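One chain, chain A, links the two complexes that follow: it is found with chain B in the first and with chain C in the second.
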Partner chain A sequence: MTTSLSQAPASGAPRAYMLPSARRFLLWTGLVALLAWVLVPIYFVALGAFGGRTGVFRWPKSIWPSDLSVAPMMQFLNIEGVFNALMNSFIAAGLTVVFSILLGAPAGYALARYTFRGQNAYRLLVLLTRAFPLAILALPLTVSFIRIGLYDTPFGVSLIHTVLALPFAALVTQSLFMGIPREYEEAAWVFGCTRFQAFVKVVLPLALPGLAATAIFAFVISWNEVFAASILTVRERTLTAYLLKILSESPLHYRFAGGFILIIPSVLFIFAVRRYLFAVWGIASK
Partner chain B sequence: MIAKRPGGLRRAILSERERPMPARTSWIPYALIAPSVAFLGALFIIPLVQTVWLSFSAGEGVSLANYQRMANDLNFGLAIRNTFLLTLVVVPLQVILALVMATMVSKLDKGRDMVLWVLTIPLGVSDLAAGLAWLSILQNTGYLNSALYALGVIPGPVGWLSQETPWTLFFGIVLAEMWRATAIVLVILIAGLQLIPKEFSEAAEIFGASPWTRFRKITLPLLKPSLQSALILRTVLAFEVFAVVYALGGRNFPVLAGEAYTWQNENQNYGVAAAYAVLIMAISLAATAVYLRALRTRPEQLP
Partner chain C sequence: MADIVIDHVVKDFGTFQALQDVSLVVEDGEFVALLGPSGCGKTTLLRIIAGLETQTAGRVVIGGRDVSGLTPRKRGLAMVFQNYAVFPHMTVFENVAFGLRMQKASTADVKRKVERAAALLHIDSYLDRYPAKLSGGQRQRVAVARALAVEPAVLLMDEPLSNLDALLRLEMRTELKAVLREAGTTTIYVTHDQTEAMGLADRIAVMYGGKIEQIGSPLEIYATPATRFVGGFIGSPPMNFIKVRCEQGIVRIGNITLPCPAGCEDMELGLRGEDAMIAADGSGIPFDVRVVEPMGSHLLLTGSINGQLARIVAPPTATINAGERVALKADPSRLTWIDSNTGRAVGRA
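Presenting the complex of A and B:
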């Protein structure tokens, strides 16, 4: 792995000082409170998702699970449109991953390996996207998307989501490639590889874990996006767009079921990329 | 470097296609960035221009009609007030909470990774899901009311999220936003903290500086670049706030992005929606400019 990415979550570093036990106790109390602050809302929405109608209206509620079953969740998934929306979300997020890597990684490679005129202008363009509320840009796209037949398709949604994920992918892959010594590639050239072969055989395997992390971030960005997805779809809604639409008319336990389904993949993904989290964001926020 | 390359005819032909080393400039980097430039041009720059154009065109010719209509709308004043209020309250609270989290985590040696993973979970949670998670707590027969009932504070279910209780609704939205988006500030700050050499703080400690002084005089100034990017990111996103608000309060709490959504999807008036979009963009750009100025770091101050 690259040095810049693998060093970041510096964990095992021994601390030079030890805290006295009273302060230790205070520290852990505070930490437990913070952990609870993060976990408890997820726990409660899970109870709501698996508790069904009776669970939602039970009064007063106990914080312990009771009468949980998968039936309410199954009911929710069987509502017309929910499964379709789930699939659309997966398609849009998958396409976003493909586009942002295919467009972002070459740019990252160019920034990492070459000095060229217009480099700074390109960086500025990438950074400029951050000062804008990008999802809002879906508004004028409605008209042009209707005209070219992209409106109401997961493909169209993935295009605007790629705008969100691409700058991120370019910056992260740039530092990823910078962490792979140029000499490796040059050695491959000496042994007769073309530039492309050297990239595929030498650089790509080394960059793969970092690219995977970048891909996962792109997935999460698309999976979670609400505004643009709601603007650009009517019938082929993504899950977030579908949930937003039914927000005012659906019973509470369906809303919680939807919320729970939205949360699950993100939690797993963040777990998968936890090693890269700080390096990736450290880079992307420079 | 490339000049001497062993190999037969085939290899010689292959190498023929190549240019010499990326010495200064060649066409390769341009070919590599071209697709993304074209993409951003088509889906970032053009929509940007279109939005501005759309907001100024009503019927025939250029006019301010859309802006007038926006400003005369009943919800306009409320949306402005609510969005600013939310941003001004939420963003500083998130930074403070993230600093507290980062400080506590930095004191850990065992279990640090696990704690960090849990604290960053909300990073992957969508604003809609965050709103729904807090809805399960704050709804009439939710867990907050159950707890208050058990403590004897309230006699039965109480509504916190209705139009009649704007302040508790506001407070609920603040909680949900803090829950969801503190994680991103935390990640940026921790990434920044890792760049600060420990020696600075240790030296100050030797000279008798208290932890608070060390934090104020060393950590905070050196963290300025990270704080700047966290603040820009969070503020721009806070002005777009939308789904959390809808999940918790529906239309009871108008915000700018929500109004844009309504004008576009329900009123089918793209002009007024574009006017809202331009307003949000202008505010975001102004906020970014303010942060860039206020938190400027001179190169020699960097760690």
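Presenting the complex of A and C:
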């Protein structure tokens, strides 16, 4: 990913201007179609969320927003428990990001840098954790969570979400670290770094883009996950779990508001770390 | 400044023995090249000296201090890597300053030393650029400057020029020699390129199959190879080896006889293409010319002596045609005699 991007400014950009018009046309149509595919539904959800009761039922729909107000949104947020659920979602997703990176990145680093007995088995095992359906694990988990006292806490939910995100975190960071030449670290060692210093000063800055991508992934997994969150909580629900419960008995514009709130944080999060998705320094792997 | 003693170092990778009992002494301030084909263990040896690899047996002593068990950072050396390993997320200045910063040098000190190293390698005009914006040659300069900036007692270089194109390599080689001469650093330089080793080094250690075949000055190695391998590896064209039979101290080739050292019967006569002269009177070692390649500075003749392939260098003005038979003369003192059974040179004091 990073190498191709890094070369784009040098060779790709000037060539784009020279594309024959037919190809350029195709490129732009493709881009527009893709953007529409993603943005139009979001736009309509937003219209529904801010248009209020009348806006939702108006037919034919107007493309342009009219009589928008934040009132429906505020009403929605004032529904008992929504704000609390929103906070729970943020806590659970945030913790999932932290845990997946803290546990997954070292595992990925070990897989990338060291050869050890059972390495391939380990790699498979990491993925195998995803082979158990959550539905089967749910009941025993609930029982043990109640025993340990993790039941009905965002922390407990984040642990399960970490389990879901961890395999990908480990494997993505593995390929990420493999893409950073060992010589960088060796050079750092020779010039006076301990292993840890070399990691912090040399590997980490180069790995940031990939780590950001991993973080996004973990965040989105946690934010969107419904099943485990519904089962492991009763009052302290995450937003998805809470909405699942209340939306079926809510008016349509509330559902839109709920949907909109579900979409926004992921989009904002991706937007916030997008800078790191591109290789900031020109290369991450040589 | 420091000398390096490599004391009976062995390195096994599983069942493969990469280094078999290698010993080498590098004097203080000396420039030694480790020369050999790929897979001969030269890079492994360098990495053991650097502490990036751990030897299976043996010791490495730098400046009288046994560093065998120390981590790289405690060995007080600097290294230039084959693919430069210039940190892409730091400016050229920060790259060159890296080692000094790790030594916790004062800001003024860092600035002064970085600027001096940069001036030495002519990279002072792009100190604030990122490596991505530099060419391969410029990155290599940064890597060398980074190594020299810490004023290391020992400098290790792992094929530093092999990623550069031919012209740049020649230019960097000359410059490197001047810069290192001035710095007076003890240097070990790994290369598979014999012209680099010959041009740069005070002494060359030719390695093959995990062993050092011969250590000596470039001229010694060239003129008096200790083994068949060294003769065949050094020189362009490589040394010719002609199988001969030695009877009572005499070897017969064609219609002439040559005195040979006693001790064995099956021998190979090592003859450098440049040492052979074409005899005007027609008496000498018979050489059947098959191909004539005019190289500008010389004629490269490929043919056979006694039915065995040989390459001979002739003056550019000589008029020799393919298919001709010429007679070759050579100074007996410039001939090498190899025992066919051991592959080692014989008859040399």
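Things worth noting here:
Here is the rule we go by: the second predicted complex is superposed on the first by the 210 of 286 C-alpha atoms of A that agree within 3 Å, B and C clash if a C-alpha of one lies under 4 Å from a C-alpha of the other, contacts with A are read in each partner's own complex, and residues count from 1 in each chain.
Going forward, a contact is a pair of C-beta atoms (placed from the backbone, for glycine too) under 8 Å apart; a residue touches a chain by one contact, two chains touch by 3 or more.
A quick note: this is a predicted structure, and the numbers were derived from the prediction, not measured.
Of the two partner chains placed around the shared chain by superposition, chain C is the only one that A:181 touches, whereas chain B remains out of contact. Once the two complexes are overlaid on the shared chain, A:129 sits against chain B while remaining clear of chain C.
With both structures placed on the common chain, the touch criterion links A:189 to chain B and to chain C.
In the overlay built on the shared chain, the residue A:229 is in contact with neither chain B nor chain C. Of the two partner chains placed by superposition, only chain B is touched by A:248; chain C is not.
Judged by the number of chain A residues each one touches, B leads among chain B and chain C.
Contacts of A:267 after superposition: chain B is touched, whereas chain C is not reached.
Applying the stated contact rule after C-alpha superposition, one finds that A:205 touches chain C and leaves chain B untouched. On chain A, the patch touched by chain B and the patch touched by chain C overlap at residues 186, 189-192, 194, 281-282, 286.
Taken together, the chain B residues at the contact with chain A in this complex read 1-2, 4-7, 11, 14-15, 17-18, 22, 24-26, 28-30, 32-33, 35-37, 39-40, 43-44, 47-48, 50-51, 54, 100-101, 104-105, 107-109, 112-113, 115-137, 139, 141-143, 145-146, 149-150, 156-157, 179, 184, 187-188, 190-192, 194-195, 202, 225-226, 229-230, 232-233, 236-237, 239-240, 242-243, 246-247, 250, 257, 260-261, 264-265, 270, 273-274, 277, 280-281, 284-285, 288. Taken in their complex, chain A has these residues touching chain C: 6, 181, 183-184, 186-194, 197, 202, 205-206, 280-284, 286.
Those residues of chain C that touch chain A in the shared complex are 50-52, 71-73, 77-79, 81-83, 85, 87-89, 98-99, 102-103, 130-133, 146, 150. The residues of chain A lying in touch with chain B in their complex are 8-11, 13-16, 19, 27, 30-31, 34-35, 37-39, 41-42, 44-45, 47-48, 56-63, 99, 102-104, 106-107, 109-111, 113-119, 122, 125-126, 129-144, 159-160, 162-163, 166, 170, 186, 189-192, 194-195, 220, 223-227, 230-231, 240, 243-244, 247-248, 252, 255-256, 258-260, 262-263, 265-267, 269-271, 274, 277-279, 281-282, 285-286.
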